[in-house]
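Shared between the two complexes below is chain A, which has chain B as its partner in the first and chain C in the second.
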Partner chain A sequence: MINEFSIVWAHKERLLVGFGNTVTLSLLATVAALALASPITMALMAQRRPVRALARGLVDGMRCIPFLLLAYIVYYALPTLGIRFDNWTAGLCALVIYNAAYIAEILRGAWASMPREHIEAGLAFGFSGLKLYRRIILPPIVLACMPVLGNQMIQIIKDSAFLTIIAVPELTHEASAIQSMYYVPFAAFVSAVVLYWVLCRLVELAVAGVERRARARR
Partner chain B sequence: MRAYDYLSLLQGTAVTVSLSLVGIGLGVPLGLALALVRWSGVPVLARLVAAYVSVLRATPLVTLALLVFFALPNVGVPIDPVPAALLTLAMNTSAFNCEIWRAALNDFPRAQLDAATAAGMTPWLGFRRIVFPQIWRISLPGLVNEMTLLIKSSPAIAVVGIVDITRAAVRIGAQTYEPLPPFLAATALYLLVVFGFVRAQRSIETHLDRKFGFA
Partner chain C sequence: MSVPAPAFLPSAADAAAERPVLEVDGIWKKFGEHDVLTDVSLSVRRGQTVCILGPSGSGKSTLLRCVNWLERPDHGHVYLSGQRIGFRPVSELPMSQAELAQIRARIGMVFQHFNLWPHLTVLGNLIEAPIFVQRRLRDEVIAEAETLLDKIDLRDKRDVYPARLSGGQKQRVAIARALAMRPAVLLFDEATSALDPELVGEVLGVMEELAQDGMTMVVVTHEMGFARDAADEIVFLDHGRVVEVAPPEKFFEAPETERARQFLQRYGAAPRAGLARRRSQRGVE
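Take a look at the complex of A and B:
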């Protein structure tokens, strides 16, 4: 057993490269998914019915399919329509599209339960359209959703492990590679699990930190 | 896609649904047992359960499936793909279910427990007659939500060689060189399965509503 772990330790660079890829993918995906979720949330709350229905269909569709299926669609099916990616970009795109739908739904929930007066005050001060959304609506709802958004980021980290199936060199993929080369399954995957756990704990701590800051400023 | 391809997708659906159902059937009671250990504060065990839940909630299903399938034989426990998949699903969902049950238990009014003790009920009888009938109704929406999440992460078990809906769709796509139609068919199948679970929850709730006047 100790021997197994020393083999994994000897190949720690590979594991760390995988860990780095997982961190990069998750961070980029979170930022991009948040950015993409904003217009989707606006569409979900739009006055015009067809816009709302279209956004609702998109969001509900995403929330019904497994992430791996979307990753396969982006990686295998889009090229047949003439859109080509390498597997790293395909993986990132799938993470962004999938989680943007979930984040849009989270933000919509917070927006819908936001006090009406807040928005009316913004309107009275002459804010409208995009500016109203960006300056008045978005900041409080993002802060209100912080814990749920943190959970979603943990979901993104865990979803990124699926990308091993389309050969993205993330943490699980590297652990798999080490195990298949030296046959050290226990040590390799337990190391990966520990690294995932550390990463998720860090996200939880970061979310708690941001919340404390936000409360102190209020 | 030919008739045979549709048949293999349906077979994949049967695999996804049956493995998920067994995983849920094992994971929901196991989650309750874990929650009870934490709730009643059994000295060392409660700490161990907290660690188990924390680690499993942070572990991707793919990684867990690989760990179970490759590492168990390595420590002398041979395991086939199907039991490995079931163990993976049950372990994963039990950690999340534990938190759902625990939230309901923590909100449970202390006074009712005291009343049960005062009426001479043993803790076990009090749990069966007073606590459980109330907490399962409170936990139901959370548990069903977790079930749909489990179904959506179930394609992970394909890494141990099980052909579920997603895997069947990939195979058809690779054979026909037209991946889009099987993927769309798979999407429709997942929609049906997830919708089925949500409908079952609704009908249980309306049934309870009619029988007891509240859900």
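Take a look at the complex of A and C:
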């Protein structure tokens, strides 16, 4: 077994490149999913019923599809319709769309339970529409659901492992490549698990830090 | 504790035409089957302090909320410096949210539960709307906000979040936040009702000084001492109707209606200690 680990160690660069790609992919996906979730949340809370229904359909639809299948669709099925992405872009798109739906639902919940008074003060002071949302509603609800958003980021990191099936060179893909080349499944996969664990712990620590500062503002 | 000279800039047109800053003309409001306001009118001239008194549930807060259209009256008109709120001139079509927002930015409001924005510091609360709604220059707004904080004695709380303030401090910040908008009129919706008794004085003190400095104010309150000392006019509301309009001397010494007499008895209308400054000293008549 020690021999297995020394083989993996000898190919640590590959594993680290995969790790780096996983980090990059997860960070990009988190930022983009948050950005996309924000207008979806607004649509979920819109006055007009058709807008609401459309957003609700998108969110519920995404939440009922297995992520793996969505990745297949974006990479293998969309080209049939003439929409073609490379595997990196397809993977990123799938991660962003899928998680934006979850994040939008998280933000909607926080918005619905936000004290009416703060919004009312915003209205009374001349905020309306997008400005009201961006300046008065969004910041406190993001702060309020910091721990849940941290969870969602961990979900994104783990979802990114599925992208091995469309050959995105992320951590799972590299671990799998090492194991199939040298037949060292135990060492290769355990090493990947440890790296995922380290990454998720780092996210948890960062979220806890932000959460401490957010608490002062509630 | 001293308080800012009013930051509002009355337009020359106001003064010339002597049109009241705020006119409420026959508004009605129903919640379901319940008549909350029935044909309520009032008018507030520049520099006046009008106190709205009345038992709980008499529609006082709804009246204030109708003024800046947080509640939409079923009938009747509201004018700010001659401009009708809620409807466009000529076409009479309802205003868009953005148009309403523009008018609301000229009406300051102080809420019973302060309603400070929790994600912003004290300074942040003061400068948020002047910068992002009125689009004024950041440096100028910050300088003005700091002067306001000096005046309410909370300069040292500049970078603190509202959660760390006492109720009285929160309400003083809320008043400063409204003043930072340089409003044409300031509405107070039971500004001291949510405060511990020992904190009421510091907030009433600020309001007294504002009234003295000539800020135009409409004050919904249960503080009879404040109404007696600071108001130019009392509007007494009962069951959603204006029952009596009178200067405070007359209202408190010799109310015309039986309802007002009962009300004053129940609330014990003795002047508050420490706020016993008489209106005559202000030279307002």
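Everything that follows uses one rule, which is that the second predicted complex is superposed on the first by the 215 of 218 C-alpha atoms of A that agree within 3 Å, B and C clash if a C-alpha of one lies under 4 Å from a C-alpha of the other, contacts with A are read in each partner's own complex, and residues count from 1 in each chain.
In the analysis below, a contact is a pair of C-beta atoms (placed from the backbone, for glycine too) under 8 Å apart; a residue touches a chain by one contact, two chains touch by 3 or more.
Worth saying up front: this structure is predicted, and the values here are computed from it rather than measured.
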| item | value |
| --- | --- |
| First, second, both or neither for A:I165, with chain B first and chain C second | first |
| Partner chain(s) touched by A:A37 [first = chain B, second = chain C, both, neither] | neither |
| Partner with the higher number of touched chain A residues, chain C or chain B | B |
| Partner chain in contact with A:K131 - chain B first, chain C second, else both or neither | second |
| Touched partner set for A:P139, first chain B, second chain C, both or neither | second |
| Which of chain B and chain C A:L25 touches, first, second, both or neither | neither |
| Partner chain(s) touched by A:I156 [first = chain B, second = chain C, both, neither] | neither |
| Common ground on chain A, meaning residues reached by chain C in one complex and by chain B in the other | none |
| Complex interface listing, chain A residues touching chain B | 61, 64-69, 72-73, 76-77, 80-81, 154, 157-162, 164-165, 171-172, 175-176, 179, 183, 185-186, 189-190, 192-193, 196-197, 199-201 |
| Complex contact set, residues of chain C against chain A | 68, 70, 97-98, 100-102, 104-105, 107, 109, 111, 113, 115-119, 128-129, 132-134, 161, 163-164, 177, 181 |
| In the complex with chain A, residue positions of chain B that touch it | 54-55, 57-64, 66-67, 70-71, 74-75, 151-156, 158-159, 166, 169-170, 173, 178-180, 183, 186-187, 190-191, 194-195 |
| Footprint of chain C on chain A - complex, ascending | 117-118, 120-129, 131, 135-136, 139-140, 143, 216-218 |
